[in-house]
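Pasting the structures here.
Two complexes, one shared chain (chain A), two partners (chain B, chain C).
Up next, the complex of A and B:
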């Protein structure tokens, strides 16, 4: 009997340890000036839905969730957007921002993004919809997606991957999930809460 | 006693099969429409209109086959909300597909619209504005 309780105690201890482990920093470490540094999102500068220039500085000291989409997307984006909206609503009063980069900057000019955001009933600065030069958008996408294995068979490659990425205050990617899978997003939301708690410490 | 169980069993299968009467339509909905109009048919905010209890759908019943085949690009009002975002058509769907799909939608979620037939769908399609 005693042994049984001990066993249970250890089990609880172990499982609580697991829970308290900080989220890992994802991505390959890079070597800069002979020092190993963890992968971080590069500097960026884009226009948001209000035609305001938004850079990485806007997120300094804030955690955010990023995704890639385009407003006329006929396939999975609407499903991912619905999950982003869920995150928006869950963390309405907390320090979590959302960033949706368009993959179709030619059509998704700020006015188009504005109308999309309005129809979703969301606004900046909480949720930024970003557009800009195509090359720059591809560069930043590659930066985010360097942490996930690419599926070469998917049409359009990473454009359609539907991943959500969680970025901490120091620009490190700490978690990701497939934004079309409601259950995965539920787990992802737990990770966001964990990261928020980490920052409060 | 035994016959009662058998009866219940048969009734159960019957109801079960009834529920799946538009399985084909449901499959088409899941493949082509669910992403935007939702699992629950309620759409998404003011971006994608609902198909569940849509007054627009009921009022424009005759036009629905055309909307599915050719898409829609008008400013429309559904249940008091305005929608204006083009929906592309699904020209790959056959008349049979469209009939099954409409019949699925008509009784899905809280919808209680009458059944359509392939003849009616074909008639509607002949009158599509192009």
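Up next, the complex of A and C:
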């Protein structure tokens, strides 16, 4: 019996530790000017659904959730978008932004993104749908997913995997989940709340 | 009783259609998941082309990768589900179309992979 109580006590202690621990900074550290620094999302500049240029500066001081999509995707994207919408609604009045990068800029021009956003009844600046040069979009996708793909043998389907990524106000990725899995998104939402609370401290 | 038979028949039809859609989407999802590899191999081939600007083989591999990716994007852009009465024929047609796109994706990736590993 005593052993059982001790086990329970340790379990409670461990779970409370986990809850209080800050979210880790994901990704490999980089060496800049001889100093090891954590991975941070590189500079970017794209057009949004209103044809306005959006850069990292637009998210300065705010946290955001990013995903990659195609407006015409018939299978995974609608499921992921539904979960993004859930996040949008949960944090409607808080400093959380959403960013959806298209992987098909040839067809997903700002006007197309605009009608996509309007159908969802969402708008910028809360939810930015971004498009631009294809190579630049691939580069930024690779930067976000560098934390997920660790080796060459990993599946190459990152841009069709429906990942959602949580970025803090210092451009660090702090959490991610598979956006097609409702339960994973529920946990992810808890991480967003945790990050918000961290910023308020 | 008749109503029940009618209802069951209708349900079976719906489930058949659901299965047909699922089949199309599975082929799409599986090949779409390879787009990341297309990007990866194209980037490697682009780097190689700088050293070998006259290599027809490298150019051909890049063109094939680009075409395969473009065909998938076009397939998605053109994918519009019709009315219920036409769905069965539509899924059959889409299965043929997406199978061809998927083949092109896998072949272009395998050829590039083979060349890069030589």
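Following the convention adopted for this analysis, the second predicted complex is superposed on the first by the 180 of 201 C-alpha atoms of A that agree within 3 Å, B and C clash if a C-alpha of one lies under 4 Å from a C-alpha of the other, contacts with A are read in each partner's own complex, and residues count from 1 in each chain.
The rule we apply is simple: a residue touches a chain if its C-beta (ideal position, glycine included) is under 8 Å from a C-beta of that chain, and two chains touch if they have at least 3 such contacts.
Everything numeric in this text was worked out from a predicted model, so none of it was measured.
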item	value
Comparison of chain B and chain C by chain A residues contacted	C
Chain B versus chain C as contact partner of A:104, first or second or both or neither	second
Which superposed partner A:74 touches (first chain B, second chain C, both, neither)	both
Touched partner set for A:61, first chain B, second chain C, both or neither	neither
First, second, both or neither for A:82, with chain B first and chain C second	first
Chain A positions touched by chain B in one structure and by chain C in the second	72, 74-76
Chain A contact footprint on chain C (complex, rising order)	25, 28-29, 32-40, 43, 73, 76-77, 79
List of chain A residues in touch with chain C within their complex	70, 72-76, 103-104, 106-107, 138, 142, 155-161
Complex interface listing, chain B residues touching chain A	35-36, 38, 44-48, 85-86, 88
Contact footprint of chain B on chain A as seen in their complex	71-72, 74-76, 78-79, 81-82, 85, 116, 118-121
